[in-house]
């Protein structure tokens, strides 16, 4: 297999490295307008073939085009790739609008091509373990999902902090709760320094009795990456800043003896043992690359496909509308791709 | 001085102990309907005089009535105390409505009596140190205030988790930002078990370029009590779960070279040293009792007076309206007590 | 039952409170030379009867004498109590020499009286849970035991930091490894400020293939209280500074495929899940008091009896000899009380 | 400059990468007996020239020979390099015996060649910051030095855990206390699995009133890398497992009012603020390489020279003698290289 990668900035070199080391990949092409980036890739990965012109890349005999450019160019590059018969790998967030996402999904379907959206976290040992725990029924029904991702980080100039950081956590939420339907979102926050919010809070309402919240911040003095998942049987904590013991399962919960009368005695909590399962440490990106290549061979959607990208963009889009209106509730009524 | 305490449940015994050990307090009366609670107080504090009838207590020659009963009874008991010429100490939240708070403030003023609202955290070494740091100018202008107070805790049956837990953090916010005017709030959350929300998120908008957020949860498997205060010079972290080093000052921030063009180079962050000042560990409640007695002597408002209680209730009231409407923005236009 | 307590300094009030609240204890006597201490006890525990003269206390009809005085007075007070037919409760370390310990054990046996040595940690939920895990065979054979107990603490003027802090950890070691025989100790350290060592390291050798080490320090800027217990099946960590999750069980270990040839491939390590069992939080001292009363009724030795006190003193005594000789190995050949 | 590296196992590739990226290095040769290792280096660093025969490497026009082979081969390879006029870079520990170290130092001196011993930690931002703090006088006189380096790690088959892990910490100790003279050591520990100790404790005595201790363990379920440095003015903690705030300075200490009478009131402790200075995060190895090249140009010893390697080996050698004799005190009387 041959892979062409457009965009060799922050993330692109990781794509080069991981695709290059996949046993089925013979050749990796890199494409970027910057001579400096091309030179850097050449020095670190001398076997890579480099080009400046994306049209030239599309003329090559490549199977996969991986797109690691700014989000507002994803659609254009992805469409060109699909039009010339290539499978596409697109960095998160999938597209700048849900309409773009839908168009790409339809185009890929028509041409029988595969879309991989790079929700990398789905391939981490921690998230895989959490899904396993949820699937086993050990956690029970999820009552709330709470995520914090804050640090002192680079400001993006094209999008706000929700578009930059929340896709990671939204993709994890969707992965852990595949049957829960998001119905509306509300977002609050502030842009302290220029047009785009640097602090934001996103609330997500579901059809059933569940609620999710995402706290993202580019201007926190401390780095926190933590999720709480409250099940009605057990509760999960995923702390990605821990070197070890990233996932903890608490045998903790709330129990009601009866719903008729509401008084203190009826709502009780229970706190038991904690268990921290070992999680695999294989690099997520290499597992993602393997999954995509396997999906192409199997003529099936990969684990993180266009639809998953669409679902996240749908929420981001609504969050944008909400935050510009100080938290107005925005309904999400077309989550299903036709 | 003589002090009468009504409500000897969870918090009442702490009031008995702290008032009893104040050098100027000769006698402490305790009042509760429960024989068990009265017996407990008798065994632990044999010098306390105990009564079951609040009217009897009001007839005694007491200077201060301290009210530690459920919030919906605060107004009734407080008004009776003021009517009979007693200074009042009221547990947080001050009252069930802002109208009640306003009425009590006006009544106390008319009768030249003092109101102490027990925002205990204001008297902790940590909060005092944070105020000192803000006052000194070291933190700069506060850009955002973020608070998390979650654990697996007792459900209250009369109020939701915002009314139960957020008063602590709202009082700290108001204390650290005395000149910032709250203009609107939005609250989102969920009631997983019965009428009252057990998970909630409260966003607070200010007149100026600042934003605050409060995350409260009765159903978290882990206990977190942490505040981030983002100043434009330095940033504060207050972690109340730390045994030592509760307050940390980060020489961290964001700098913009120019506002004309928005591109990456213009928004930069800076991370320098961290400093954790020693904070005093005197029990906050004993300092609160001393402050109230001193305020009464000085014929002045205590540090946490009726107005401070009113300000917090005003936000709680608006949060209630907002959360019942899935985060609708509720304006707060009468924060000033006339 | 009636209990007399001699020594009402730092720890004495805890004894008063815990014995007083035991349902079978009718009356608690307190005895101390200091009027201030007597007055303090009177104000906090008005039901206590107070005396200044120990001889007067011994004349009272008490069943138990609890001794919470400096260690060099333990023997004298304990002997007087046994001589007058009282069961004795002695604070750790049991005695100033192993000979004293042996004499008291023999005297008690002769008079059919009980000795309780207050190795309080044995009664904590954490240590009980660890013993349970060891007894179940889950940990396997213990290969090493490592303990750290350091902080910035009060200097004792009569003993060094080993005598002050290590008894806690030595008693836990003995409790977790009841069948392992200590054969020799070596201690190193330094006395930076006056005669007694403020930093010390104690190595303990066993008859079998096991090793223990104790690090104690009065002059550490941070407070650490942690034990590692390396079993050949699983490993334990007990971190007493954690508010929750004090005990952790690691499914980790080392495996050798063969002992014939020693090369890298044969010694491998394994790291699996971690499990943190819930531990009970009942106050250890109240469980200790209950155990002693129950042992007296049952005419049996309590869980922490004179022999346990003797075993710890034997090691302390040897450590003293070793540290004065810069770590010279001191054999312990008479650990068995005849 | 041209650099030849012998030994391309675990650490060798890091040497290749760091020397290759130094601006003054034109060419890097790699030498190893294993075809697999040579192939790996070729794929990752295609510009490297590779050889299997060390004699061939020595014939090349290289300025520096870097030796990253097992410790018992250091002397042989180093001597051959010096004999052929090359400067040498040797991994820690410098040599297998102090005599070997001394011979190499003398040989290098005679031939006016430079020796760099790779005590990498000396070049970390954390250690540099600690030295700066000590040099400034802020810490005062160092009273004790305590180091813990434990984890579940690969067993070495040629040496015990002291030889494997302690050189890091011994080199830091020597660097922070350049004027303190080690006079004797005592080591205790156990070999649970085969000939070499997997748990060990090393005590170090100084000429003046100071003491150091090193705890190393290959079989700990948790990874701890922490140093306490007790000064008589302030105290340092270096926790290398922290992602941020690796170095903390505590304004804590012990004070004696008088040395004449020893009673409680005279030994008091003080705990004030804590400060965590920012430390540089440049890769230590690249700074080491730069230092060596600069030292060669300047015809001077590098920061971590043969003498530093000798001092560490001297302690390791004595520790071996001590641990085989259950902690017997071993004097170190020839620490000075003639």
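Note that the chains are named A, B, C and D in the order they appear, and that numbering of residues resets to 1 at the start of each chain.
By definition in this document, a contact is a pair of C-beta atoms (placed from the backbone, for glycine too) under 8 Å apart; a residue touches a chain by one contact, two chains touch by 3 or more.
Treat the numbers as computed from the prediction; the structure is a model and nothing was measured.
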Set of chains adjacent to chain A and to chain C: B, D
Relative to chain A, chain with the most remote C-alpha centre: C
Chain centre separation (chain B, chain C; CA means) in Å: 43
Averaged-CA centre spacing for the pair chain B and chain A, given as whole angstrom: 39
Whole-Å gap between the CA centroids of chain B and chain D: 53
Contacts with two or more other chains, residues of chain D listed in rising order: 222, 271
Touch list for chain D against partner chain B, complex: 245, 251, 271-278
List of chain C residues in touch with chain D within their complex: 143-144, 146, 148, 150, 152-155, 157, 184, 186, 188-190, 192-195, 198-199, 201, 203, 205, 209-211, 213, 215, 217-222, 228, 230, 235-237, 248, 250, 252-254, 256, 259, 262-264, 267, 269, 271, 326-329
Residues of chain B defined as touching chain C within the complex: 46, 222-223, 241, 243-244
